[in-house]
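These notes are about the structure you will find just below.
In this document, chain identifiers A, B, C and D correspond to the written order of the chains, with residue numbering beginning at 1 in each.
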């Protein structure tokens, strides 16, 4: 799961508490298309389908959600649904994802910038030029210095929670503490009002993708309100905040100074967007299924409850209003390679065969919302096709696993599995399937907020952990190195590489790929590395999850955008009949 | 079982000697939190009780007689003054140092039921003081059976609970408990006033018999003068925390010196109908004053038929009144023959 | 009376202070680091230290507590430099999650919880006392037995069950009422009431059942008091005896319980608010828990304690009017 | 004449328990009397039987569920339909000869086994928490009432303080911040921490009225020490109200545990408890009502039975209601 997810985790924890059940399952995992190899075809919605046709302009779109936004401040926003909300409606970034269903949704297009940026010095310097006619909600022009300013804000210790790519990539970022102290970062230059130049520590081939993050949206220094900016971000997008009663309701109205001519992505169909917060997840689902009155204009966020699947699938009319796009994440069973028994590749290979991935899918809501994973890289990073280098049956092969274990001379294994509370059922499913191969598993659950600390302490790390990883943007560079680069292992607070996998050949190869300047070639290389890693088996890929969402009967143009982990693309969603459902 | 005071002091020294005993209670706190004036419930009481002797302590309710009794057995701690028992000053001893003396000093309570724990068997109740003194359970039970017999109950009823007995029987149990440790002094706090008249006589008889058999001394607290007349050797009359008259039974009853004593005695009905019809009645006016706010001078003066100016200003002290040893606290005592 | 009031107010302040200190200490001592939560998963130790300092968590607990206490009375500033914000009296701290003063959050949510609590209380008093008094006056008769069976049964039902059944029956199946949402009374009294009707009912059923039992017992006890018998013997009409004497004496113990219950509810019915999705204080608290938003947790706890203590004080003062024997 | 209007049946009831040895001779066992009175009352009889059955079922959860053939953790893939979001196959939540009370959606775990094991946990917590409360409350109440003075002031202030805590809110807060600890133990202690003043007040009031009884004074005159007086004279006489109050505490404890588990801060999920089962089932209330109703019914029955039993016991043992 990517760093994004961690923020999602915090939100999910809130959801868990709120709903009183493990809703947080939802956020770590992958998107799998309907093309899951195990099931013939999930009964869920097809990947890439659009619900409700083309929207008309006008009306009020309602978003029903159980929680408040973690952060709307662009320097702090790092939770997938909220990033979708912020960058599609309130603020624009240098580049952004295409508003297209299916795999095309992960493609990057220019937004504030005129192009995807020009790199020089072998990918270490990136220059973007702003479009003409860009304005904030008060009509004042958007300047390149404002983007620099917001990037600087993301360094501030007061403004927690946001993505840390800027800190990682920008030269001189180690000691910088944000602009609130009056200091500025020399590695971002704004030679004129339209130009912004980033100086990076090392070459980053996919920096055009990095600048899709809300960190790279403009905030004028004159609007700085510290932590309180969170409640009233200054709009550069098609809508502005009319009222925000935290935890209760957020009302967006049109930003009349937004010029559609400068924006190729956002359509901004509705006149008004109302987010009603604090609605129990199941209740939001029920309301949208019923679609009475104003609820016909409603969509839910951040996801439909899995339990609702049973209410949706039997009814064709309701089922046709369900969206279930891939989230682009992979859930894995990490095998701790730093100690016995998983320091032995043979034992690890046995695990690949032992795990019943079908049970994982069932434990997670069934094939309607989840697909069996066959490699580490999700289909969104392998060109849309499913990679299945090992060809292991989805339900596993305990006999083969037993045989492999016998070969390795390791029978009678006893191992511990630590999972976050919401993954309890899946852990129990692992426990059951490994038992068939003669491996005895003890399950420990930890509180979601303590999970990272528990498994991140490498001295006391368990043999097995379930976790997931999502890319922040479609590049193998935001995936495999975070998972299997041995140099990222930390004594405490270790994350990503929970397998503690330290393989010289792999690390060398990663460095070679990172140095490639041709993105397409690099992506090919990442896919090959993925296949190689499957054979080394530092982890068992379990499933690719999709994000089930429901929309009301009057909603049009709704589809899950794979760039936003399957969230409904708010840039283009609208209503069939704006006059309906006024309430 | 009868082990009369072999180790006791020579009889000319009193067994119990109370001197200037005072007990003040803090005034009731009102809800506003202001403490009220302290109440002097017992205000300088002195008397002696010899071995084998019975002293009656009489007075209206609230006069401090029970408080005095409780201070002697240290259910209450005296505010000042001394209680000397058997040559030892016990008024200031800690409860732990007092414990050995408890053997010799016991108490009988007014309400036979509430003085017996309803959750304990009779055997348990009677043997409790022995167990406390370190006797074995078997020995204590054996002694309990003997005591049951001694107070006129059937030893087979040892395993019954208090509520299964009548009031008189229950009071016998209370007496048996008091006698368990073979005490030399028993404070009897209104021991019969909660009982029916017919039963009162039985219990009083029992107490008298026990006194003779065991050589007990009693401090007999009562408001009923006729009962006191019957059991006591000497009588002390209390009024508002003070002794107003003390002396031999014959003297006090025969020719009371204090107007209060006279008033009390005049209220006692006489058995002879003729005498009853002609007896002089002194009716006291009003209620006794509050001990929290005693009148100046003689505290009896507001109700005294013969009060004079002196009584309103000067407090009378106990002094010999008349020919005998009887003392009275009155400026104008009725001295027989004067 | 004034002296008494003064003494009681002092006691109230003492209790609140103690609760404040205890809550503060517990949350400080427990192994839960809000800085780490705020900083995020990819937090480097240096950044964590910075965040800690920015949140004021690097100071010793004693300093933090004093600063907190001082803030309640005098307000305080958070942060430093241009990002500093002033949190005015009464400052209960600054929410980590919302970036708003806790006091503002509380006052924002309070109308919801108060509406919920007061409405439910009115309903349960009518239902509960009605049933209890009726039962007491018909002690042993079939009506009494029926009422008591119903109330024991209702009191044993978990509130989530009643709530869900109400939603299912009234909203999902019959479609009589909307899904509860909060509307301001001042804006639309009808919407306010119709949306709160279900939560009121769910809460009131539970409490009404308990009050019916309580008030029945206490009425029966009161009616057997000697002075009631005297009043009857005097030939006063049965109605007068019941109303003037019985009710008055019988309701005094109920008053105490009512004070406690209402005080507790005013600061949020956590379960009810969360089931019905009402944005009240209880829900604020619950969301705060999920995000380790300690200032919010502490603020709600203090507010709730304040309500309970205040309700008790009020009840004690009310006693003087209800029960003529009580004097100050 | 006696001023002792206390019903005699109450009087000897606990005494018999206190010293069964000496008691043999007395004809009518006082406990027997209480039992007879209970049994004579229809509602109490229902309560007694239900409590008995529930306790037995909880105690024998292991053997009983193996009768059904399932352990509470065992998955049954065949019992659920993965394509319907894991709903149980068959009507009424999959009630069948294989699964007597149906199965949990998604996992197919056997509800019969889970509800029994859940009951074990719920009742265990309720009973231990009650025990904690009764012991702490009785000790505090007796000490405050008997010793009076500063001890009383201190303990009474502590009671006031504890009762001023918004207990549920505080419990939730404490449970949610405590991470890796034994939840069952913590929940017991936390509930206990906030519930003791109730019983302490009752006991204190009773002790106050008892300590000036003459039999207590008699024991003092007999030279008994405080400890002896407290244990022999006072405690047996407050035990009636304590027993009644205790029985009435239990349903509250069960409900509190359920509420905490329902809110997700109670027992950790691998261990089932009724509240936690209800919390997990509540989202299925429409699609699989059986799953929702079964743990709810058990919770309801347990609370109801203990309430009825407690009411009856209070009527018998403490007719004045033990109010302080």
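Rule of thumb we're sticking to: a residue touches a chain if its C-beta (ideal position, glycine included) is under 8 Å from a C-beta of that chain, and two chains touch if they have at least 3 such contacts.
It should be emphasised that the depicted structure is a prediction, and the values quoted were computed from it without experimental measurement.
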Joint neighbours of chain C and chain A, given as chain labels: D
Far-end chain from chain D, centres as C-alpha averages: B
For chain B paired with chain C, centre-to-centre distance based on mean C-alpha positions, whole Å: 57
Distance between chain centroids, defined by C-alpha means - chain B, chain D (Å): 50
Whole-Å separation of chain centres (CA-atom averages), chain A against chain D: 46
Distance between chain centroids, defined by C-alpha means - chain C, chain D (Å): 24
Residue list for chain C, restricted to those that touch at least two other chains: 32, 172, 274, 286, 289-290, 292
Multi-chain contact sites of chain D, meaning residues that touch two or more partners: 176, 179, 262-263, 265, 282, 286
Per-residue multi-chain contacts in chain B, two or more chains: none
Chain D residues within the chain B interface of the complex: 1-4, 6, 8, 11-12, 14-15, 18-19, 22-26, 213-215, 217-225, 228, 232-233, 236-237
Chain C partner contacts - residues on chain A that touch it in the complex: 3, 6-7, 9-10, 13-18, 20, 66-68, 70, 78, 156-158, 160-162, 164, 167, 177, 180-182, 224, 226-231, 245-248, 276-280, 283, 286-287, 290, 292, 449, 452-453, 493, 495
Footprint of chain D on chain A - complex, ascending: 16-17, 19-22, 43, 281-282, 286, 305-311, 313-314, 359, 361-363, 365-368, 421, 424-425, 428-429, 432, 443, 445-447, 449-450, 454
In the complex with chain C, residue positions of chain D that touch it: 43, 160-161, 163-170, 172-174, 176-179, 251, 255, 258-259, 262-263, 265, 278, 282, 285-286, 292, 296, 299-300, 303-304, 307-308, 311, 320-321, 323
Chain C to chain A touching residues, read off their complex: 32, 36-43, 45, 47, 50-51, 53-54, 79, 81-85, 94, 97-100, 105, 108-109, 167, 172, 175, 179, 181-182, 274-275, 277-279, 283-284, 286-287, 289-292
